[in-house]
Structures are given as C-alpha cells and as structure tokens.
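Please see the structure below; I have some questions.
Labels A, B and C are assigned to the chains in the order they are written; within every chain, residues are numbered from 1.
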C-alpha cells in the first residue's frame, strides 16, 4: 500500500468507527470524541514538527498546553476590579521590582567582568543583590497576594482576565507558549536528547506547579469555570425556532439537537484551524527550509559543517512547535469552558501525545493527524470496549464470582495497557508508524 | 609457513574494497610491521586478520588452521591479542583492574602473568591503584599492551601503538616490544613511524592500495632506495 | 543552651530524619536508573512503574501472609514478603529486556529510541498494575509504628521539643545502607561487578576482552530489580502506596541521578540526599527554630519559609534543570550523552 492509500484507508476507518459510536452510543459522544480528536491531532502536529522534522525530544507538552489554557482565562474572563484594587497594582509593582533587580544584577555582572580587584567578591555581591531583591519582592508580593486571594475567594480570589473574546486567546496562547519555549529553548536545547527530554519534563512540571499554587493568577486548584464561549449556548439555541424544526425533522430531542449544534460549531472552528496548520506545515516541510531541517535531523555534524546554524534552527522549530501546542491548549480550554490546573498530568498531556506521533508516523503530517485521531479514539473508547470484552470473557463465570467482579471493575485500566502495547508493537514492527515519512 | 597468515585478502566496507589481495604473515618470536601511505589499508588488513572485517576472498590461517569463521572474541581465546589504536584502555578503572579485565577469559590464577607485565612495565606496578585515564599517553599505551598480554597470547597485534607519543616514549615502547617478541610471541604492528618501526622489524610489509608493494626484512626495506624514496622520505 | 539543643532537635525531627529517609529512597531509585543508564545506555522511563510493580507484589504477598496469620512481632510483615517480590521483579525486568529492550540493543538503536520504547513499557506496566491492584491508596504496614516516640523523647531528655523516629524510617535507612554497600562491594571487588564497570566504560574493549555482554546486561537487570523492589516497597511502606505516586516519583529520581552525575553510583546516592535535603531545608518554616535562637524582641512574626511546602516537589525539578544547565555532568562527574 502506498502512503496515499494508507492515508485514505485510515481516514475511512476513522469515519466508520465514529459513525459506529454515533449509532451504538450516541451522536453526542461521537462528536465529543471527534472534537478532541482534532485538538489531539493539532498537538501531535506540533510535536511532530519538533520530533519528526528536527529530532527534538520535547517531553514538556503538558506545560505548553497549560500555558495556552491559561491564555484562555487571561483573555476571556472579566477582570476582578476589587482584586486589582486590593492588591493587583501592588503585585505588579512587586514584579516590576523583581525585574528591576534582575536587570541590575545583569548589568552588574556584565559591567564588572574582568574587574580583578573584585575577584571572588563579585559572586558575593551578586548573591546579595539577588537575595535582597528576592526578599523585597516577597515583602511586597506576599501581602499583595494575600489581599487578592481574600477577595471573595469562593468565586474569584484572583485578578481575573481582560474580558476579551476567547478566540483571541488562541493566538495569544500560541504566542505565550512560543515565548516560554524561547526561554526554555535557550537554556535546554544545548542538551542531548535524553537530557532534553528530562529537562523539558521537569520544566513542564514546574509550570503546572505554579499554575496550581498561584491562586491570584488563575485560582489554582480551585479552577476557573464558566469561560465565555465563541459559540452559542444550548439554552439559547433551544429557544430558536429553526433548532426546534431541525430537531423534529431529525427525530432528536431539542436538548440533544442543541448540544449537537454546539459541538458541530466547535468542530468547524477546530477543523478550520487544523486545515490551516496542516497546509502551512506541509508547505514548510516541502520548502527548502523543511529540507534543511531534515538534513540537520539526519546528520547534525554534516549540516553544521555545511554552515547551517543548527542551534538557531533547533530553537526556531522548538518555538514553532510549542506555539502550536499552546494554540491547541487554548482551544481545549475553550471547548471545556473551564481551566483546571490539576487535570494537567504528564500521562495524558505529554506521553499520550507521544504515542500519537509515534503510532501515526513521525516526520509525516498526515501520520501525526491520523495518530491523533486513532489514539484519542481508543483512549476514550478502550474503556467501553474493554468493559464489553471483559463482560464477554467473564460471562461463563458465576454472577457473584470475586474474580469476575474484580475484572469488570479493572477493565477501565486496560486502556493504559492497550496504549503501551500498541506503542511497543508499532516501534518494533513498524518503527516509521502507520504513515511513514515520505522519501523526498 | 608462518604462524599467522592472511593470504590474498580481499575485502572492505560497504561494497568498496580496501584490501585488494594482500598477504600478511608473522612467525613466533618475530616482529612484523605493516607500513604504507594513508588509506593503504594497513589498519584494515589488521582488522581482517583479527576478524573485525569479513573478507570476500582469501583466507586467514593460524597455526595451519583456518580461523575465518571465528569471531574476534573466539580468536582471543585461541591466542590472539589485539591492541586497538584508540580507546584501548578502561579509563575509569585502575591499572590493576585493566589488567584483570585483560585476563577476563582466564579462569586460572593469573597473578604471575600480572607480575610479568609489571616486570616489563615497572611504572604500571607503581601506579597499579591509579585510574588508567589519569596516566600519561605513553603509560596508557603500556596499560593497553599489558592488558592484551594478560591472556598470554601467542600473537600480539598492535594498531599504531606509538600514535601521539613523544619520540623518547616511542623508543622506550619499541624496546619493550622487542622484549615481548624475545619471549616467543609473534608481533604484528601497523606503524605510522615507518623508519623507526622497520629498524626493529624482522619482516616489513609496504602496502599500497590494499596490495603488497614490497615485502622483505626490515633492514632490506630500509636499504632499498626505491622504498626510501617513496615511503621513508629519502 | 537548652534553647540551642531544642532548636537542633527541631531541625533533626523535621529535616534530618525525614531527609535521611527520603534521601535513601531516592538514592536507591537513582542507583537503579544510573546502573541501567551506564550499562544499557538509556534513560528508563519505566523505572517508576517497575518500582510500583515491586511494591505491589510486596503488598499482595503481605496480605496473603497476614491472611495466613503470619506475624513478625514489631517488624512489618512486608519485610518478609520482600524475597518473593524481588524474585517477581527480577522476572519482570528480565522479561522486559528479552521481549522489549534486547531487540533495540541488537540493532544498535540510538538511546532516544530506547527511551521512547521504555515509555511504551511505562504505559503497559501502569495499566497492568492498576488492573491488578486498582488505582487507590493501599495500606500494608503493620507491626510497631515507632522506634522513638516524641513523647518518650521529651520525657527522657526533659526538652520541650520532641524527636520521633518511625520504624519505617529506621528500616528504610538500614536497608538502603545494606543494599548500597552490597552494590558497591559487588561493583568494586567481584569479577562480574568489574566486568560491568568495564562494559559501561568501554564496550568495544570489553567485548575484545571476552566479556559476555548478555551476561553483563542480565546481572545489571537483576541488581536493578533488587534496587527497584526495595525502593518501591520502602517508599510505599513509609508514605503510602498509590500507583500514581510512582509516576510522579520518576522525575525526582531522575533528578537525583543527574544531579549526582548520571552513570556514577556514588553520585546517585549523593544526588538522592541533595534533592531530599534541599526540598526540606528550603520549604521548612524556621519560625520556631529562630524563636529558640534569637532574643525575644527579634522573634520573627512570619513563618520564615523560603518557599511554601506547596513547591516541595517542584524544587527537585528546579534543581534538576539548574544542574542540567550549569553542570550536566553532575556533582560526581558522571557521563554526558
């Protein structure tokens, strides 16, 4: 089978599977899965740029996705004026102080380079500047944070956002993730593959810790709910005449029809983004730039010898890929209508995306998208399928058998096992994934 | 017939032949030296003799036995010792441990072999507890040779043992190699320092493009004006 | 003077004892990671789940022994379940190597491939463990809870601060000490141990010397399995056993191995303690210590904490990232890939 056939076949299978879910479970479930399939595909696309084009191991996916999610909050939620009055301004002053201290420290460090009479004292002075700066910052900020978090903590207790349309956060999320990636890339990209993986994983954990604990920013573990939507609300739709007629015509209940319409509205937004990204990614991959990236990936030393600025290119692709992840994160938060820092776990947001890229076929954009679709589908559907299989397997046992009971209860965990087995099988027997990278 | 002989060896990497039918042999107690310009296939010829390169034709015999099918490790068991050109010691282990690892395949008591190595290279005894990676270049080479001697080989192969060491250390090392040969071990080495190496060689091979260009005793080669002109810089 | 002693006891109780315990647990885990890294040359992301597996078998065995009515007085039953779980974990590591890792070693795959493969194994084991024992907290500690109770200590010394030592803390430190000494003895003095170091140092030369790579790999997995089981069980015994925590333990363990210098056994142990003590020292509230040491009018009103305990685990990642950037070879000067 050529790649083209494989691609068509895979998409055909996905369609059939989703239709089956629509008929067997419900259309709402099917569209829910499909929506997340598209978001997963975008994440996979982002990782594929970094790994597939350039061979960079980014295990910090979770962090970039969460930054995108945070952008959703910061852009769309209304500002909490009381909190700003209570301590917001003061907190910003605190940050300004810290920035000033860092600036002073940098200037001091640069200006005193080579001042022999300072010698070791240079380090001491540097430490004093930084520590006393941190103390001043904590002195200002701690009080400010306390007063911000005391403002109606059950409902707000944070600074709120800018009250702008949430769609704007898709762009802002991408830019924010890109900026963070630039910072991380500058310090971590010099590391070799293993270390880069571990460093990015660590940094993403730090990002989540900050989001979980800095309540003034996005309410931490208390979550932010009720983000404004880019699409209409079900309740409003149910009042519309055309929705009622449509529901009658399709034989759905109005409630059902309205939630389907909302999901389809989201889907069309997501698909538009996916399409644009995909076209851009394909164009980039086929351009001289893409050729250069692959040349660097395949032989860094040779590429460097040919005068390619490997470090710069790596940083570039790391930023672009991470920005795509931030975009996907903002989209996810938009779809969820809430931002929940505790839900960001590496298994779901970092390692699962890697399974998608590996299974789909690294270095191939079609592969990444199909990987995103298939793996997300099975991630969700492995549970009902596992339960069904377990039920079938244990049907011979008596109703009150303890083993049967245990097996049925544990069926949900088969999905982790399934992911592991799929991944190991693909790596072993089809290491280039379902849709291998095309030879150009 | 020689104790070890590689006859009409043809082979190379990835389709391109580096060896084009050269023949190399060495006898017990004798020093054979392979010299020649860069890319002549000197190291490749040695690797072929040691089984690190599959030959497309030709044969390798040791003590009259065909050893073509044996892996390098198995050739070590048979009595071949090999000192690679680079990365030839365990840098993170002590000198003594390096020698112990050399004797890994021996199940008997090898303490007297270690004493022999220490008699040959007294500095190693002094530094036996020191990490091999901390030694000077010449001392490292001594460790490398010592390691290979621990299996009590009948044949010792050295790939450019004097690469990167000072002339004084080189002379010293050659003296030791002569001493080793006097104990009845066959020595085959590849050398960049052709003139000095041929001076101690019982047999010399001048390889060019994977073929024997000249084969004679070391002295005769040194005396041959053609060899001097082309390979020894006049 | 009593004030100074009280301050010291306070620090001993809240930093020294827990730090020694947690450091030992991390050190055992990091030593395993470092062994696999130096011999098999990849970062094993399934390490946490392997620890979880070992702990799980210990728990199942403990339950079985408890059901049979075995009791070992003041000692926890889990200690006596260890031999079985060690054997089970050796089985697991050797099977994983045979079915998963060996193939990539033979085709000489780059380390990053093995890293990704180990991620697949991580998923599989995570599922398997949850499938068998469920995702919830499991208690399996029995026996005497304390070696030294705070109340007894106060009565004994007449100090106002108490010092408590849990028996799990004692057991952790003693077992870790025994195991680490054994591993060091093994690597330094035995023929097999030396051959492992040789293989790790210079693979080609080790092969030339007749060292059998399959044997080196097998012994490495066996020793690592013992380390894994001990680390997993001791952590579960001391804190509590929950499958998810073992995934989150992976990063502090990698942090310990890297901070110490990956590939260096001494470094792994050192790194474990550095991470553990850094977490405790930086998130400890010094208010009461200063209360003892400073004159009354200078007593601080705040908690005097450098960072809130919320950031305890994040700290190990910060240290990890700092070390990776500033000195990737770690304290003891390990390898860089």
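The working rule: contacts are C-beta pairs under 8 Å (C-beta built on N, C-alpha and C of every residue); 3 or more make two chains touch, one makes a residue touch a chain.
Fair warning: this is a prediction, and the values are worked out from it, not measured in the lab.
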When you check each chain against chain A and chain C, which touch both of them?
-> none
Name the chain with the Cα centroid closest to the overall protein Cα centroid.
-> C
With chain centres set to the mean of the C-alpha atoms, which chain is at the far end from chain A?
-> B
How many angstrom lie between the CA centroids of chain A and chain C, rounded to a whole number?
-> 30
Between chain B and chain C, tell me the centre distance in angstrom, where each centre is the average of that chain's C-alpha atoms.
-> 47
State, to the nearest whole Å, the distance from the C-alpha centre of chain A to the C-alpha centre of chain B.
-> 58
Could you tell me which residues belong to chain C and also touch two or more other chains?
-> none
Mind pulling up the chain A residues that touch chain C in the complex?
-> 55, 57, 187-188, 191-195, 197-199, 201-203, 205-206, 209-210, 212-213, 346-347, 351, 354-355, 358, 409-410, 413-421, 423-424, 427-428, 431
Would you mind writing out the residues of chain C in touch with chain A in their complex?
-> 42-43, 100, 103, 110-113, 115-117, 119-128, 130-132, 134-135, 247, 251, 254-255, 258, 308, 310-311, 313-314, 317-318, 320-321, 324-325, 328, 336-337
Quick one: in the complex, what on chain B touches chain C?
-> 72-73, 76-77, 82, 84, 87-93, 97, 100-102, 104-105, 147, 151
Residue ranges of chain C touching chain B (in the complex, touch as defined) = 191, 194-195, 197-198, 201-202, 204-211
